[in-house]
Each structure stands twice: as structure tokens, then as C-alpha cells.
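Take a look at the structure below.
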């Protein structure tokens, strides 16, 4: 039990949960279930963030990701009224054949990534000191000011585009 | 000092990333593709936070925040497009949208 | 404009008028025009020959204009008349006139009569240019001109596919010889820097390098030049190995066969060799080749003539064999004998062809010997003429053929370039000649008639005096042409004396035709028998082989024609084009591949993205 | 300035023809063809008279126009003439008349634009034959190319786009090589003399080392060998010829190919005498291969125009063979061959056009026995086919004979091989003539009209005159030593 009591133990547990939940997201049939799994995945990652000494990021993850973005998803799902059905018209090709290629590709990618990480002989360890919100804030509004401005423009653009596209078609000219 | 090596964090990030990637490639449902994208973005966030934590710098978290903004904007636009698609084609099958072929 | 230059002018003018007005001219106008032009020409040539024989000079020349110049050598359009060309123009215009006269009546009912006469006139023009040319290039002009006319006249009835093919064959086969001759001209010009015939003949003797071989084993320029000229002569004169076109050329109207393929054009090769005697003398090996080619052709054609069923084809092979005699004479160095035989042969062969034509016309275009028979009674006049012609052909003593052929045979035995074996060939050839002549005569004129009894024989000869006159003149010429003495000593080198040869040679030569006749009298008994109503052509494979020209056609078809056609067909799409289009194909492939990758599927794009990521990392790792 | 006047005049009257087609002026309905015809006649007369009245001795190049154009690069508008270019320009102008006459009834659609393109091509070709500033030369080279492509692509037959693009790519790629060589030469001039120069006369005095000269020579050589065309660069020609409208084929065979021969004479051989002499064995081999290959390919064709196109390749092989023999006799042969082939192939293509108008097919299997119903056409067909296979008495024979005699002095074995082309030419000539005019009559066709008679007989007359009196042409090319 000491494994789980320690920070490392918690980290690996959260990581396991995140991976499993993500797998369920990707393979799920039911949209709502998948969304819920996504929430779990995000929360697990948030735990990881906290354990890695980034409480501010963990907070943002929970509030913005799990809180706001996922709500958007939920709204969208509600608008479509999607149930179990993944796609309405395209006949779903079941079985492994559809999965085989991408899985192979992904496996290759993973092997390569792991190989790279393994071979680069990273002897670094995470530190347990927190990087608190104050440090983040100073940096954010100091050297990264421009990035913040750009990000805000991006958000604005996202807002405008989201509004424009989601508008009922008959109101404006066709795209 | 915790005993979590950076390598493990990066492996976690790679795992999540690959899972997300598989989702994007395999799923036909655009909604699921968007969710897989979220997973992938998240994976990148993990890597950044891990790196920030190693060197005790706040830059990693700032990068994460920028990714977050990106994700938010992307989801906003993506879902709006999804709604548009659902209206026009009555389906969320991404393969229906293949008019931009060469 | 002097007399010599006007010689080809009349037929040329007549040709131009006939060809430009075409069918608008009536038969009378067209025939008067063409035959009249020929008559004028014949008259002129007689005047010229008279001039030549009386005057002191041996040569009449006429310079018209300078055609072009090859370096320092001028190529003129000039005519040159000496004893040799005098013989030729007499034959060409004289026999030509008679044949024109015959043709005007023979072809009267043909709808393209004017075109026919125009070609005949054009042929005479070309032939005169050939004969009178003072340089080899002008001679080549005439040479090709007669070839073209021959082509046009063989294919005169061009609606028949066979005639078209025969015409094409004649043109292309002779063209092969012509090409050899053209290369010969290049060689002569390179080594002697002249194209003038007289100059070449002189230079060939005097030039030091011309007949010298460069190295020990290498042949001299003279050897090659003579050989290449021989190539041209062989093509035109239907000698081995380019003889195959002549029998097929019989597809043309009969006057054409008489004029072109018996009397004049085919002897052009003989004329060429005689004309270029200076070159040939410098290459004794080639003289021997000439003799042997002549001898072999003479025998093969004689054998082939034995098996023919078509009256005109018998005569065609006989022509080939007689030209073989001329070649033999030239090769043996008996220049005047060869030219003399050329002349007499022109007379009697024209007579034979024209009479055959009259017979064919009388029998409504029946050419098959096995469907004739018994014509002696029905067509006595034609029979008599034909008999005279054949008598000349087999060289019965007293006829013109006798004189010329004896002269040839006599010169062979002791000739340095011929010899005894060629003499025996010539004797054997004479034997063959008499046998096939007898066979021909028996089949056509003796025996029982084998054509339908109710066939109405239309005999133009009985009714048309002009036609009759023309043939009678030819018959007289054939009989007594041997009495003309032609003195070619100014032009051609003298042949070696024949007095030294053993006396029995003459006896053998004179007796040979009679042996042949006696042999055939018994051997072809069936053919002259009055009891046999129908004769079947023998179909034994040996005879069919001979009938088809001893297989040369087949060999050429498999060795030359088929491979050429095959290669062209194989490469009809043009290999180089295909190679160049490969690059276009390559670009197209890539276009297809790349545009196929742009399939518009988002997931596909994402997959490719991942794939390239994998590849990229792989590159970085390795 | 009169040459400039002719070139500009042709361009302007082309535009006028385009503009005025089918428009009423003072109650008269103008037709482009009349405008074009009158313009070509007028400018031909102007050219002929001004050359004959000119006091200049055209034995050597005489500059007749010199205007500076792009000063910074020392590019000038310079035109010069000698007997070679005068001969070729006269051939061009004569064939321009033929072209207009053969397209008289054939072109019904967009005829204004058609005649504009036609005249523009002629203007470009005349420019090519007279420009001595290499930049200007290249400019005219392109000017003649574009309207020609348009002629094929707009008024051609069924596969016209393919043919036009093929033609365009071949010419363009090869002329790019030439452009590189031109620029390189200008820079070499700068290095040796001190200033950039595109002038041909300036370049003649440059001294190049062997290797450099070889590469530059190849740049020019390939451009002109494609245009000539020589095997293995020939394959645009059959397609372009076959698909082009009649006048386009006449133009291509009659003059455009001659720009290749002209370039070889003027630029390749004179600018790089040493390099081309070293290169001669290869060039001569290419020539011989072209002769034999062209003749062989011509025999295999069933398309009338394609057959004639391959025969052109065969004939231009003689030009290549003779040119690289560096022999005065052969050079005279080249001149006669160029002119004679211009006339005879133009004649055969016009004939193809006449037949096409009657039976709407170019396929030899659809033809046969036309002599029956059209004896005049048959006669001309025979004469033109005879010219193609080099019957003595017609101009082609003189050209081939002189070429071969001259070349034989230098390359005997090659000439003997080339002489086999004479047999090949007889074969395809006979096939062409017999399949068209002999055999059983499949169709009855009307005989030649008056206009067609003018076209055919003027071509035949020139062929016969040059065949029997080639001194008319050759007197200007005596004593030229390459």
C-alpha cells in the first residue's frame, strides 16, 4: 500500500487511469459514455499535473478542459441527439480490418517514441517543488505577453467562427 | 525529490498521444475525432508540464495554457462546423466530406 | 535547235499535249499526234545516222544547257551521238514507231487511250535521253524516267490489284539496281572527278590510281565502279539476281511488253555496260562476272520458259534469256556482237510480242497456251509472222538472230574473260531456246483448237492494213536485219579474233537449234497432235517450280520482303516516340499517384501525416 | 528597313484580317482570306523588288537594319541578309501564298484569327531567317512557335491538343537549351572582349576552347536537330503534321523545318567550326539513321499525312548528312534539298488536304482508284510522289544527288548506307501513290478545282524548273566554303 501512498504511486495510478479512460474514449460506441470517459481522462491528467508540481495547470485543466470544453461537447451532443449510433449512414465496418492499419501505425509510432526516450538517457527526475501560479503569472504577463495577445485573438477568431458556422443556414448566404 | 523520472512522463505523453492518434485515424464520427484530438492535445500538455517541472520553470505551464487556448478555439470552431455538417448532410461521417480531392 | 536535240522533243511535245488535254482528244487526233511525233522522231534519227555515216566526224553532239555542276565537273544537258547510240536511237525510234502504230490500233477501244499514248511518248523521250546522254547523270535521268514509264504502263489497267502489285514490284526491284548504279556514280566521281561518259572512259584507261588496288587484297576503284554499274544494268535488264520483275511486268498491255519489256528498256543495261566499256575493261574480274551472270540467267530463264503456260510469260523469259546472251557477249569482250544482238533481238522480239498481242486480241484476251491450239488455220497471217519471229529467236541460219547469236557464240571460246565453259553454256542455252520455241509454236498454232468452237475470232490484222504493215516491216527487219553491218569500231574496243578457235565450234553452234527442234518434234508430239482435244497443264511440282520462276520470288519474299514488312509493322508505333513518350508516361504516373493521394478524406490525410511522422523519426533515429 | 516593313506589315495585316473578318466596310463584306492574300502578295513583291534593286552584295551577310533595343544588355534589333536567308525568305513567302490558297475553303470557323496566326507565324519565320542579334533571333524563334501551336490546337484534327502540346514542349525544351547557350556566349564575349554582346558577327571572332565549344555547340545543335528534325528527336513531327490543318502541315514541312536547317548552317557550323567538325561523325550518323528510319517508318504508315511526315524526316536526314560533310558540293546539295523539300512536301500536304476535303479521311485504306474520277489529281499526285522519291528531272533529285556526291568524298560508307534510303523512298512513294490513286475505285471524287489547280501546278512548275535548271538557285552558292 505504500506504493499508492507515495506520490509516485499516485502518479502511476493516475496515469493508468488516464490511459484506460482515453482508450475507452477512442473505442467507445456511445457518445455520452465516451464524453464521460474523456472527463475522467482529463481529471486523471489533472491529478498528474498536480503531482508533477503544477497546481495551476491542474486547476486550469479541471476548470477549462473538464469544465468548459467538455460542456461544449455535451451541448453539441444534445443538439444532435446522438445515441448509440456512431454514424448515421455510413455502414460501420466492424472487426479488426479497419483498425489494423492505424493500430500498426500507432504501434510503430509508440515504439519509436519510446525508443527515442529510452535511448536519450534522460537521467533527469522531476522535482517535487511546486511552480506556483505567481511565477506563471509573472512570466505570462512579462516575456509571453505577445503570445497571450495572440492567444486572445485566436479565441476571438474561434468565437466569431463558431458563431458564424453554427448560425442557422437560412439566415445568411450560403457558404 | 520524487522518484518519477522524466522518461516516464514522456512515455505517458506518448501513450496518450498515440491513443488519440488512433482515434483520429480510425473513427469516422467527427465528434469522436474531435475528442481524440483533445486527448492528443492533452498528451502534449503532459509533456510540457513534465519538462517545466524538471527545470523548475513556469514556461511549461505557459505552453500548456497556450495549448489550452488552442484547444478551446478549436473545439468552438470544430463543433460549430459539426453542427453545420449535421444540418447539411444529416450525418457526422467525415468520409462524406471528400469533395476536396485532387 | 539542231536535229539531235529535236529528237526527243517531238514525243515530249506530243506527251505534253496528250496529258494536258486528256480525254478531250478524239482517238484520231491522239493517235495521229503520238504516232506522228514518233514518225518524225524516227525520220530524224535516220537523217542523223545518215549524217553520221557520211561525215568525217564520228560524233555529233548537241549542248543544250548546263544542268548543274558538281564541283569543277559540269553536268550538262547535252546529247552525244556516236555509232553505239546511233544503233540505239534507230532501234528506239524505228521499232518504237512501229509499235506506236500497232498500239494506236490495238488500244483503240480503251477508254484511257490518250493517257496510254502519252505514256508511250514519254517513255520514248526518257529512252532517248538515256541513250543520247553525254554524262552519267543525264543517263540516270533517262534511266529513272524509263523506269517510271515502265511502272505506269505495267500498271496501266490499275483497277486490277495484280497489275498494281506487278508495277510496284518492277519499280522497286529496278530501283535496287538503280541505287547501286547511283553509288557507282559517286565512286566514279570521287576517283575520276568527272561524270562525262567519254571523259570517264578515257580517264579510266589513263588514270593511274583508278585501276590500282590500294592494298594487295583490296579491290580497286575500277572493280567497285564496274560492279556497281553492273548492279544497275542487272536491275534494268532483268538479269540474275534482280530478274523477278520481268515476268510479272507482262501484266501491262501487249504493246508495252513489246516496246519496253522486250525491245528497248530492258536492253538499257546492256547499253550501259557497252557505253561504259572503258571502266569495265579496267576490271576484267567484273567482265567475267558479267559473262557468268549472263550465262546463268540465260540458262535459268530458258528452263523457266519451258514451263510457262502464258504466252506472254514465255516471251518474257525468252527476253531474259536473250539479254543473258548479250551480257555474255559483253562479258566476253565481244562488244559489237552484244550490241548487234541487242538490235536484232529488238526486231524479232517486238515482232513476237506484237503478233502474240494480235493473237491474244483475236482470242478475246486469252493468254493461256493450253487454251489455244490450231491457230495456224484460223490465223494464218499471224502464224507466219510468229514463225518468222521464232525462227530468228532460235537462230535458224539466214535470219538476223542467226548472225548475231553466232557472233556471240564464236567469240566466247577464246575470250580471256569468258572461256570454254561459258561457250558450252551458250550452246546449251541455244538448245533450250529452240525447245521452248517449238513448244510455244506447237501449243499455240498446231494441234487441235482448244478454245470454244463458237468463239468468234476477231482478226484485226486481216482488216487493218496499217497494223499489218507495221508487223510486216518488223518481220522483214527480223529476217534481214542481220545484213545490216554496224561498225562500232569507233566506239567499242574490237573483240578478239575468232578465227583461231577450232573449226568444229561453228558446226556445233549451227547444228544445235536443229537438234532442239528435232528433239521437241518428238518430245512434244502430244502438243501438235490433231487428235487431242484438251490438254491439261502438268501440275508436277518440278514444273510448277519452274513456272514460278525457279523459286526466286519465294526466296526474296522470305529473305527481303517479309522481314522488311515485319520490321516496319513491328515498329509501326515508332520506337523513339515510345521512348520519348515514356517521360510523359512517367509524369502521368506521378500525377495519378499524387492526385489519388488527394482523395479528400480527412482520416486518410491524418494517417499519411502519422506515417510521415513515423518515417521522419525513423530517419532521425538512424 | 524594308525587311522590318515586311515583318511588321505581315503582323499588322494579320491583325487587320482578324479585326476585319466578316465586317462590312462601305457595304462590302470583308473576308480575312482576301486581306491575307492581298497582304502576302504585296509584301512578297516588296521584298523581291527591294532585294533585286538593292546595291548590296549579298554574297556575305549585309546588315540592313540596326536599332538599339535594350541598351543595358547591349541587345540590338539587327537584321541582315545574305543569299541563304534571301532564298529561304522567298520560299517562305511563296509558301505563304500556297498556305492561304489551300486554306481558302477549309477554314470556316474563326477565320480571322486563323489568318492572324498564319501571318504571325510567317512574320516570325522571316524574322528568324534574318535576325543576327541572337536575342532577337530567339525572340522571333518564339514568335513563330506560339501562333503555330495555336494553328494546330484550334484548327487541327481529332487529336489536336495532344499534337499541339507535344509540338510545343519539344520545341520549347530544345530552345531552352539554345537560350542557355546564347546567354553563355554573351558572357564569354564579356569575358574576352569586355562587354556583353548578342551580335552574331561579334561572336564569330570569339575564341573558345574545345570543350566549352562542344557544349555550346550541342546546345544549338539539339535545338536545331529537334526542329529539323533528326532521329531521335523527331517524334513530334508525325503527330504535329498529322493533326495540323492543311496549311499548318504545309507551313511546318515547308518552312518550319527549314529553320532547323538554317540554324545548323548559320549558327552551329559557322560559330563552332572546330567543334562541329569534331562532332561530324555523330551528326552524319544521325543523318543516315534519319534517312533510313524515316523511309522505313513512312512505309509502315496508313495515314497519308503521317507517311509524308516520316518522309520529311528521311529527307531532312540528307540535309544533316550533307551539311556535316563540310564540302562545297554537299552544301549546294543542302540548299537545293531545302528548297525542293519545301516545295515537294508542301505539295504532298496540299494534296492530302484536297483529298481530305473530298473524302474526310486521311486513311490510305479509305482511298484507292481516284485516278478514275480525278485524273488531274492523279497526275499531280504521281509527280509529287515522284519528287519525294527523287525522280531525276525534279528538284529533289538534284539536291539528293549533290548531297550524296559531296558527302561521298568524305564519308563513303555512310553515303552507301544512306543510298539505301533511295530504295526505301521508292517503296513508300509507290505505296503512297498506288494506294491513293490506283486499285479499284472505291469512291468517285471531283477533280481539282481551279484554285487547287493553281496551287498544284505552280508547285510542280517550280519543282520542274529547279529540277532541270537548278543553276537558278545554285549560282548564288558557288564557292562557299564552310
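Letters are used for the chains, namely A, B, C and D, taken in the order the chains are written, and counting of residues starts over at 1 for each.
Heads up, the rule we're going with is that a residue touches a chain if its C-beta (ideal position, glycine included) is under 8 Å from a C-beta of that chain, and two chains touch if they have at least 3 such contacts.
Small disclaimer: the values here were computed from a predicted structure and weren't measured.
Trainee: Find the most central chain, measuring centrality by the gap between its CA centroid and the centroid of all protein CA atoms shown.
Mentor: Chain nearest the overall C-alpha centroid, as shown: D.
Trainee: Quick one: subunit C and subunit D, Cα centre-to-centre, how many Å?
Mentor: So the centre of subunit C lies 38 Å away from the centre of subunit D.
Trainee: Just the number, please: Cα centre separation of subunit A and subunit C in whole Å.
Mentor: That gives a centre separation of 99 Å.
Trainee: Taking each chain's centre as the mean position of its Cα atoms, how many Å separate subunit B from subunit C?
Mentor: It comes to 94 Å between the two C-alpha centres.
Trainee: Whole-Å distance, subunit B centre to subunit D centre, using C-alpha means?
Mentor: Each chain reduced to its C-alpha mean, subunit B and subunit D end up 67 Å apart.
Trainee: Using the touch rule from the top of the page, what residues of subunit C touch 2 or more other chains?
Mentor: Touching at least two other chains: 607, 610.
Trainee: Multi-chain contacts only, two chains or more: what residues does subunit D have there?
Mentor: Not one residue in subunit D touches at least two other chains.
Trainee: If you look at subunit A, which of its residues touch at least two other chains?
Mentor: 101-102, 105-106, 109, 113 - these are the residues of subunit A that touch more than one other chain.
Trainee: Between which chains is there touch?
Mentor: Chain-chain contacts present: A-B, A-C, B-C, C-D.
Trainee: Inside the complex, what are the residues of subunit C that reach subunit A?
Mentor: 607, 610-611, 613-614, 617-618, 620-621
Trainee: Where on subunit B does subunit C make contact in their complex?
Mentor: Where subunit B meets subunit C, its residues are 21, 24-28, 33, 94-95, 97-102.
Trainee: Help me check something: in the complex, which residues belonging to subunit A touch subunit B?
Mentor: That would be residues 7-8, 11-12, 15, 18-19, 22-23, 25-26, 28, 31, 34-35, 38, 41-42, 45, 48-49, 51-54, 56-57, 60-61, 64-65, 68-69, 72-73, 75-77, 79-80, 82, 86-90, 92, 98-99, 101-103, 105-107, 109-110, 113-114, 117-118, 122-129, 131, 135-136, 138-140, 144, 147, 151-152, 154-155, 157-159, 161-166, 168-169, 175 of subunit A.
Trainee: Okay, in this complex, where on subunit B does subunit A touch?
Mentor: Those in contact with subunit A are residues 1-12, 14-23, 25-29, 31-32, 34-36, 38-39, 42, 45-46, 49-50, 52-54, 56-62, 64-66, 68-77, 79-84, 86-88, 90-93, 95-96.
Trainee: Help me check something: in the complex, which residues belonging to subunit C touch subunit D?
Mentor: So the residues of subunit C in touch with subunit D come to 19, 22-23, 65-71, 77, 115, 137, 140-141, 143-145, 148, 151-152, 155, 158-161, 164, 167-168, 171-172, 175-176, 178-179, 182-183, 185-187, 189-190, 564, 567-569, 571-572, 574, 576-577, 579-581.
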